[in-house]
Amino acid sequence: MEQKKLIAVLEAVLFTMGDSVEVRKLMEITETAKEEVEGALEVLARKYQAEESGISLIRLENAVQLCTKAEYYEYLIKIAKAPRNYVLSDTVLETLSIIAYKQPVTRLEIEKIRGVSCDHAVNKLVEFNLVRELGRLDAPGRPLLFGTTEEFLRCFGVKSLEELPELNTDQMADFQAEAEKEVQLKMEI
Amino acid sequence: MAIPVHLQVFDGPLDLLLHLIDKNKVDIYDIPIALITDQYMEYIDEMKRQDMNVMSEFLVMAATLLDIKCRMLLPKEVNEEGEEEDPREEMVRQLLEYKMYKYMSYELKDRQIDADRVLYKPQTMPKEIEEYRPPIDYEQLIGDMTLSKLNGIFKSMMRRQVDKIDPIRSSFGKIEREEIDMDEKTSYIESYALKHRKFSFRNLLEKQGSRMEMVITFLVVLEFMKTGKFYVQQDELFDDILITYREAA
Amino acid sequence: MEQKKLIAVLEAVLFTMGDSVEVRKLMEITETAKEEVEGALEVLARKYQAEESGISLIRLENAVQLCTKAEYYEYLIKIAKAPRNYVLSDTVLETLSIIAYKQPVTRLEIEKIRGVSCDHAVNKLVEFNLVRELGRLDAPGRPLLFGTTEEFLRCFGVKSLEELPELNTDQMADFQAEAEKEVQLKMEI
C-alpha cells in the first residue's frame, strides 16, 4: 500500500475506534509489514504535532491511540464530560507504585514493603482497572500476582513500563546526601 | 466531656517511623534508636484507643525497635567475615525501600495530574459496519480446557479457601461463660472430705465435669491447705496426691 | 484567538465529542465570532481533504461533525469482522468454574471465594456469552444472579447442567468433612 493511503487508513481506524488499537492489529488489517506501519504512525504523529492540530497520537506499550492535546483542556471541559478522575489516596498510590515497579507482585510482597495490609488498596486498584491479576505464583497457596493495566499507562501518561520514572541508585544516593545534610543532631545511644 | 484529640494518621508503622526520622532531622543510615523508639512508643500510647487491627502492625514495629535498642546496648555482633553487624541494618533497608516507593507515588501523582488533561473519543462505528458483530472463536477461546480441568480449578480454589482459615485460631470456637458457685463447690468438697477422710486428689478431680469445675476444685483444695484443714502428701513427682482431712484445725 | 490555535481547539472539540456539535456552541466555547469560527472550520475541512487523511469534516444544518472517510470502511469491516482471539486467563477461568458449579451465584459470593473483586472477569464472561444474568436475588440490594449459558454447555460438551454433577453436593460434603477433620471446625462452604 502506498504510504499516503496507509496513513489515511490508520487515521481512519484510530479515529473510529477511539480506543487503543494494537500495532499487530493494524498490520493485519492493512496487510503491511511492521516497519511500514511504524513508519506511517510516525508520520501521523508528526502531523499532529503541528500547531494547528488539536489531537495527538500516544503509545501504550504495543498499542496506539488518539487523544486530545492537554493544552486545550480548558476549552474541552466546557463541553465534554471530564475524564474519569480517580481520586487515589496516598495509601492506594503507594500500593500502586509498588505494583508498577515490582510487577508481577503478590499481596504478601506489597505488605512486606509497606508494613501494613494492602487488601483494600489492591481491591480499589482492581476496581479502577489500574491493576489486574496476572495469574498465580507457583508457590504454596498459589497467591495471586498483580500487575498494571493499559488504563494505568493512560491514566499516568506513560508510554510503556520502561518509561516509568526511574528510581536508580543515583536517586538513592541523593536521598542519603539529603539525609546527611539534614543531620543536625548527632546522638549517641 | 472528652475533648477529641486528632492524631496525625500514618499509613502504617514505616510511615510513622519515616515521619519521626524526618521530624528529628536525623540520617536514615544512622538512626538514634533510643530517641526514635521513645517517640514511637509515645505515639502508640496516644493511639491506644484505635482499632486493634491497625494497632497490631504498629506494635510489631515497636517490638522490633525495642529489640534493636537492646541489641545496640550489647557488644556488637560479628558476622562470618568478621565485620561488625549493625542491628539497625535490616530496618534501614526496609525504610529506604519504603521511602523509595513513597517517593515514586508522589511522582505518579504528578503525572496523573498532567495526564488527566487529555481527553479521548468514544467509538463511532459507522452504522453499516456496526451490524457486524465480531464473532468469538470459541475453539480458540476454550483451547484445551475441558470440563474436568474446570472442575480441577474449582476444587483447588475451594481447597485454597479452606486453607486460608487459620487452623489454630479458628478451632478455638466460642468461649462460653460457665457459672460455678464457689461456695457450693467448697461445701461439696468439705462434705466429700468428711466422708472419705483420706482420699486421692485424682479421684476427686475425676468427679468434676468440666475444666472449669476442675480449676475451682483445685483452688478450693489450695484454700483448705492454707487454712490447715487438708494435709497433702505426694510420694513421688507426678504421683497421685493423697489428701488427709484434719478436723481439729 | 489566533487562527492556528482556534483550528486546533475546534479539532480537539470535534474529535472528543465524536458526535455533531453546533457552530453556535463552538463560538461559545472559544468566545469567537461566527465568521472566524466558520473560517477556521473551512481550513480544517480543507486539511482533511488531503489524500493522507482518513477523516473528513461534514456539515449538518447548523452543526459540524468529524467522520471516517467512506473509502476506508473496508478496513473497519476487517477489524469488526476479525474473530477476536481472546484466551481465558486464570482469573476468568476461576470465576467461570465458580459460576458453573455454584450457580445461581452473586458477585459477592464469587468474591468471597476468590478473595478479590470479580467484576472484570464476570463482565468478560458475559461478553463471551459463557455466562448470563439469571435474575436477581431476593435479598438486600437485590444482587444479580449469574449462571452459565447454552454456549457454555456447547463449549464444554455438556448436554445439560445436570451433567455437571461431579462436584455438586457430594464433593462439597467431602471437602467440608476433610476441612473439619483438618481444623476441627464447622464451616459453611
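So that you can tell them apart, the chains are marked A, B and C in the order they are listed, and the count of residues begins at 1 in each.
The criterion applied here is as follows: a residue touches a chain if its C-beta (ideal position, glycine included) is under 8 Å from a C-beta of that chain, and two chains touch if they have at least 3 such contacts.
Values in this document were obtained by computation on a predicted structure and should not be read as measured data.
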Checklist entry - Which chain has its C-alpha centre closest to the mean of all protein C-alpha atoms shown? => result A
Checklist entry - Looking at C-alpha means, what's the farthest chain from chain A? => result B
Checklist entry - In angstrom, rounded to a whole number, how far apart do the mean CA points of chain B and chain C lie? => result 42
Next on the checklist: Can you work out the whole-Å distance between the CA centroids of chain A and chain B?
Outcome noted: 37
Checklist outcome for this item: chain A to chain C, mean C-alpha position gap in Å, rounds to 20
Checklist outcome for this item: Listed in rising order, chain B residues that touch 2 or more other chains are 119-126
Checklist entry - Hey, what residues on chain A touch two or more of the other chains? => result 15-18, 66, 68-69, 76, 80
Checklist entry - Mind pulling up the chain A residues that touch chain B in the complex? => result 15-19, 58, 65-71, 73, 76, 80, 83, 85-86, 88, 90-91, 93-94, 96-98, 100-101, 113-117, 141-142, 154-158, 165, 167, 171-172, 175-176, 179-180, 182-185, 187-189
Checklist entry - Can you list the residues on chain A that touch chain C in the complex? => result 3-5, 7-13, 15-18, 21, 25, 28-30, 43, 47, 51-55, 66, 68-69, 72, 75-76, 78-80, 122-123, 126-127, 129, 132-133, 135-136, 144
Checklist outcome for this item: The chain B residues in contact with chain C across the complex are 119-126, 128-130, 132, 134-138, 140-143, 145-148, 150-151, 153-155, 157-159, 161-162, 164-165, 167, 170-171, 173
Next on the checklist: Considering only the defined contacts, which chain B positions touch chain A in the complex?
Outcome noted: 11-15, 24-30, 32-35, 54, 57, 61, 69, 72-73, 94, 96-109, 111-112, 114-126, 156, 160, 163
